Amino acid sequence: MSRPELQVEQLQAAFPEAKAEAGKAFGPELLLGSVEQLVAVCEQLKTAQEFGLEVLEDYTALDTGEQFILVLRLTSNQIITRKLTVKVSISRAGAKVPTLCPVYGSAEWYEREIFDMFGIRFSGHPDMRRILLPDEWKGHPLRKDYKDERMLKRPGA
Amino acid sequence: MEAQSKSVDTLSHPEALQTDVITLNMGPQHPSTHGALRLILKLDGERVVSAQPDIGYVHRGYEKMAEAMTYNQYIYLTDRLDYLSAIFNEWCYCLACEQLAGIEVPRRAEYLRVISGELCRLSSHLVWLGAMGMDVGAFTPLTYTFREREMILEIFDLLCGQRMTFNYCRIGGVARDLPAGFIERVRDFLKYFERMPDVYDRLLSDNAIFLARTRGIGTLTQELAHSHAVTGPNLRGSGVSKDLRKDDPYSVYAEFDFKVCTQSEGDALARYRVRVEEMRQSARIIKQALDQLPAGEITAKVSRVFRPPVGETYARVESSRGIQGFYLVSDGSAKPARCRIRVPSFAGLSVMPKLLHHVQVADVVAIMGSIDFIVPEIDR
Amino acid sequence: MLTMIGFYLLSVLAVVAGLFLVLSRNLLHAVLALAVASMAVAGLMLTLSAEFLAFVLILVYIGAVVVIGVFAVMLTGHFDHPKLPTSNELKGLGAVTSLGLLFLLLGVVLIQPIAQARTVAELSVKQIGTLLLTKYVLPFELVSVLLLAALIGAIVIARGKED
Amino acid sequence: MNYIYDLSRIVQWTRAQLHWLADWAGTSVFWADGLGTLIVMFVLFAFCASVVMVLVYAERKIAGHMQARLGPMRVGWHGVLQVIADTIKLILKETEIPNRADRPLYRAAPYVVFVSGFLALIALPMDKNLVPVQLNVGLIYMIAIGTPGVIGILMAGWSSGNKYSLLGGMRSAAQMISYEIPLVLSLLGAVMLAKSLDLHTLVEAQKIPFVVYQPVAFFIFLISAVAETNRNPFDIPEAESELTAGFHTEYGGIRFAYFFLAEYVNMFVLSALGATVFLGGWQGPFLPGWCWYLIKTGAILFVFIWFRWTYPRLRADQLMDLSWKVLTPLAFINILVTGLILVLM
C-alpha cells in the first residue's frame, strides 16, 4: 500500500488481458476485453493487497447505439483517494452478464436497476426483478431504441 | 381445523406452539417511511424475520428526461432529487458540466456555493434530527429543529427567492450575487445557532430512553458499509473517516479548517452523534467562508447554448447524505447522451435488509430514521 | 326492590352469555362471552353484597383469565372458521362432569338455607384475610405452590429448546 | 366558612328534594333512589366530559408552549373553544366500518373501553362528603373496574381486521397487564399504613400525605400509571411512527372520540387515585376539599403531560423489562420494608 493512487502500468501488469488507460473522469480506466472476466477482475481488485478497492460506488450502463457499456466505479474506504473505473462492452443482443453480487453487496440493487433500465440480464443474480419501474412495464427506457407513445416530443426536438 | 379435534402433544411437537409469521406492509403510506417507500416486513411476533424494501413509487425517469433536455434546462430538475439538500444536486450536476467543458468557476461563485451548500447541510440535518426524534417517539425535538430550519429557509428565500428548490447554481457559477444584508443575516443566524447542537444534545442524547433506543441498534459494520457502498454520515458513523470535502477536495473546500467527524460504534447513536457534530462543523465552514469571501465575478463566461465537447465525466460531491455523483456523457450536442445519477440513499437503503434482520418492529423505525434516506432521490 | 330487579336481569344475562359461550363458533366471541358472563356473576355477587368477592372475580376472571384466553385465541389463529366444531370426542365426559357439578351445587344450595349464605357473604375483607392466614393457611400455601409450579411449567413449555 | 363552596351540601339538598318529591307524589323511595342514581350518573358524565375537555385543552396548550409554539389560538380566546369545535367535528363525521371488520365487536369496543374508565370515577371521594358510591373495598373496585378496558382494546385491535391494529391491541393488552402488577403492589404500602381498603378511610388516615412515608411506592405508581394509560414514554400500543395509531387505526368519528375520551378519563382516574392514596386526597388547608382534590389530581396530570412531550418512546421489550425486572421487585421490597417497620413499631 505504498502509493495511494493507482498507476496505469500497475493495472496493466496485473490484468494483461485488459487495457488500462489514464482516464479523465474518475481515476484510471480499465477496459475489459470480455465480460466473462468481470467477476474475476473485480474479485482481484477487491481482495488483492495492492488494490484494495472494496467499494462498488456506482455501477451503471451506457447505450452507445451499437453496444452496451457497463461502467463500474470502484473506490476504497481505506485509501480514500484511490479510484478506478472499469468498463466492459457487451453486445446489445441479449448478452448474459455474470452477477457481481457475491463480490459487492451493492451490486444487487445496481444490477436490478441496470436490468430495469437496459434489459441486461445478470446470470446468478438472486432476485432479478425490476426495481424502479412497475413489474408489468414494457420495455427498458434507457435503451436508445425505447419507444413509448406516451412520450412527449419537446418542441424543437 | 384438525388441530381442534385431535389433541396435540405440545411438548413433543414444539412447532405446534409456533405462531404464524405475518407479513406487514409498511408503507407506501406510512408516517415513518419518510416518503412513498414500501417495506415488506415479515414478522414473528415483534421480531422481524425479513425486511424487503420496495422502491420506485416516485420514479420520474430523471435519467431518461435528461436525454430530452438541454444541459441548462436540466438544472432545476436536479433540485427535486434530494429536496432536503437540493443545492448539492445542482452543484454536483453543474460540476459535472463544468468538468465536461473544462470551465473554470470564479472563486466568489465557489464560495457562494460552499456557503449555500453548508447551510443546506445544516437544514437537512435539522430535519433529520427532528424526524429521528419523532421516529423514536419524541415529538418535541422536531418543533425545535424546524424552528431553526425555518430561519435557514428564510435565508435561502432571501438568496434566491426559493425555500427548498433553489435553482441557484448555474453552469460556470451561480445565478445571483448576494443580496444586501445577507452576510449579516447569516452571521446573526450562526451566532444564534452556535449553542443549538448542545440544546439538541440535552433534549435527546442526554436522555436515557433515547440512548436505550439507539445504542447498539442497527449496527452497520465496516464490512457491510464497504460492501454496500454506504457513504456519508452513515459510513463515518462506522468509523471510516471518508469525506470528499477533506479527502478529495472539490471546489474550495481545501481552504477551510474543519474536522471530519467519525464515531466507531456504527449504531444508530453513532450516526446521530456524527450528524450533530457535522452541524457544528458546517457552521464553522460557513463562518470561515463569510470571513474569506473574495470579491469578483459570480459566473464564468459560458455560451448561452451549452455544448460541451464529446467526452464523459463523473463528478462527485459530498452531500448531506453521502456521495452524490453525476455521470455525464456528451456526444457534442446540446443535450447529454447519458446522465447517470449516483445517489447516496440508494446504497443506504440497499443495506436495509441486512440491518433489519432479527430486530424488533420498533427498531425498524429507529434504524430507518438513523439511516436518513430520501425517497425521491432513490427513485429518481 | 332495585336489587331484586338487578339480580334477575343479571341472572338472565349470565345464563345467556354462558350459552353463547358454549354455542358460538367463533372462538374469540366465545371468550368474550365468558367476560360478559363473569361480569354478570360479579354483579350478582354485588346484589348479595359480597363486594370484595365481586371485584376479585372481575379482576381475576376478566383481568387475567379472559385476557389470556383472548391472547391465546389471537395467537393461534384459525378461530373464526365457520366449520369449527363446537363439540369434540370428550362430549360424554364433559356432560357427566357438568351434570355432576350442577347436582353438587344444587345440593349445597338446598342443604344450606339462603339466610346463612347471606351472612357468609357479608364477611369483611379483614375476616377473609385473617381466615386465610390462620385457619386456611395450609390450603392457601398449597395453592400458591401449585400456581408457582404451573407458572414455571408454562415458562418451560413456552421457551422450548434453546436455539 | 366555605359554605357556598361545599359541594356536598348541594348533594344533600338534592337528595332531600328527591325524597320530598317522592313523598309528595306518593311514590316509594325506590323511585326516588332510581331517579337519584340517574342524576348522579348524568352529573358524573357531565363532569367526565368537562374534565376531558379541560384536559385536552391543557395538554395542547402545555405541549405547544413546551415546543416553542402556541398551541390552539384560533377558536375562541386563546383557542379555548378548540376542543368544542373538535368534538363537533368528530360527532358530525361519517363513521365507517372496514370491510374486514368483525362488526359487532368493532362497534362495541369503544364503549367498553370508555365505560370501564367511566365506572371507576364513581368510587372516588372528591370531598369529605362527596362520593357517588361509598364502597368499603373502594381500592379493589378501582383496580378491578379498569380491567374490562383491556378487553375493549383487544376487541378493537382484533375486530378492525388490520394488522397494525392487531399488533397495537396485543401490545397494549400485554402492557396494561404487566403494569397492573406494580401499580397494585405500590398501592399496598399505603393500604398497610391506613389499614383499610376504603378510599375514604385512606384519605382520613393521611394527616401527613402518604407520599412522605411511601416515596418509592409513589414513584412506582406514577410510572405504572403512565404505562397503564398507554401514554408516552410508554405509548407503544399507539406508537404512531411504527403502528400508525395502534388499536384505533381504523376508528373515526364518534367511535374514535370515545377512545379519546376513555384515554383522558383513564388518565384522570389514575391521577385522582394517586392524589387520593398518596397526596392526601381532599385534605388541605384553607380551600374546600374538592378544590384540593382537583389541584392534586391536576398536579399529577401535569406530570403525565410533561412526560409525554419530553420523552422518546421505549421499545416493547424494554418496557416489559422495566415492569418485571425493576418496578415489580421494587414494589415487593417496598411492601416488605413497610411491613417490617409496621411490625417493629
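All chains are identified by letter, namely A, B, C and D, in their written order; residue positions are counted from 1 within each chain.
Definition applied: a residue touches a chain if its C-beta (ideal position, glycine included) is under 8 Å from a C-beta of that chain, and two chains touch if they have at least 3 such contacts.
Here the structure is a predicted model, which is why all the values come from computation and not from measurement.
Between chain A and chain B, the least number of touching-chain steps is 1. Chain centres computed from CA atoms place A at the largest separation from chain D.
Each chain gets a centre from the mean of its Cα atoms; for chain B and chain C, those two points are 58 Å apart. Between chain A and chain D the centroid-to-centroid distance comes to 63 Å (mean Cα coordinates, whole Å).
Annotation: 27 Å between the Cα-based centres of chain C and chain D. Averaged Cα coordinates give chain B a centre that lies 44 Å from the centre of chain D. Touching two or more other chains at once is no residue of chain D. Residues of chain A found to touch two or more other chains are absent. Listed in rising order, the residues of chain A touching chain B in the complex are 24-26, 54-58, 60, 62-63, 71, 73, 77, 80-81, 85, 104-106, 108-109, 117, 130-134, 141-142, 154, 157.
Of all the residues in chain D, the ones that touch chain B in their complex are 63, 66-69, 163-164, 167, 171, 232-233, 235-236, 239-244, 309-318. Here chain C touches chain D in the complex through residues 1-2, 28-29, 32, 35, 39, 51-52, 55-56, 58-59, 62-64, 66-67, 70-71, 74, 80, 124-125, going by the rule given at the top. On chain B, the positions that touch chain A within their shared complex are 55-56, 59, 61, 63-64, 68-69, 99, 222, 224-229, 231, 235, 240, 242, 247-248, 311-314, 323, 325, 327, 329, 338, 340, 342, 346-347, 349-351, 354, 379-380. Residue ranges on chain B touching chain D, taken from their complex, read 22, 24, 30-32, 43, 46, 133-140, 143-144, 147, 204, 207, 209-210, 212-213, 360-365.
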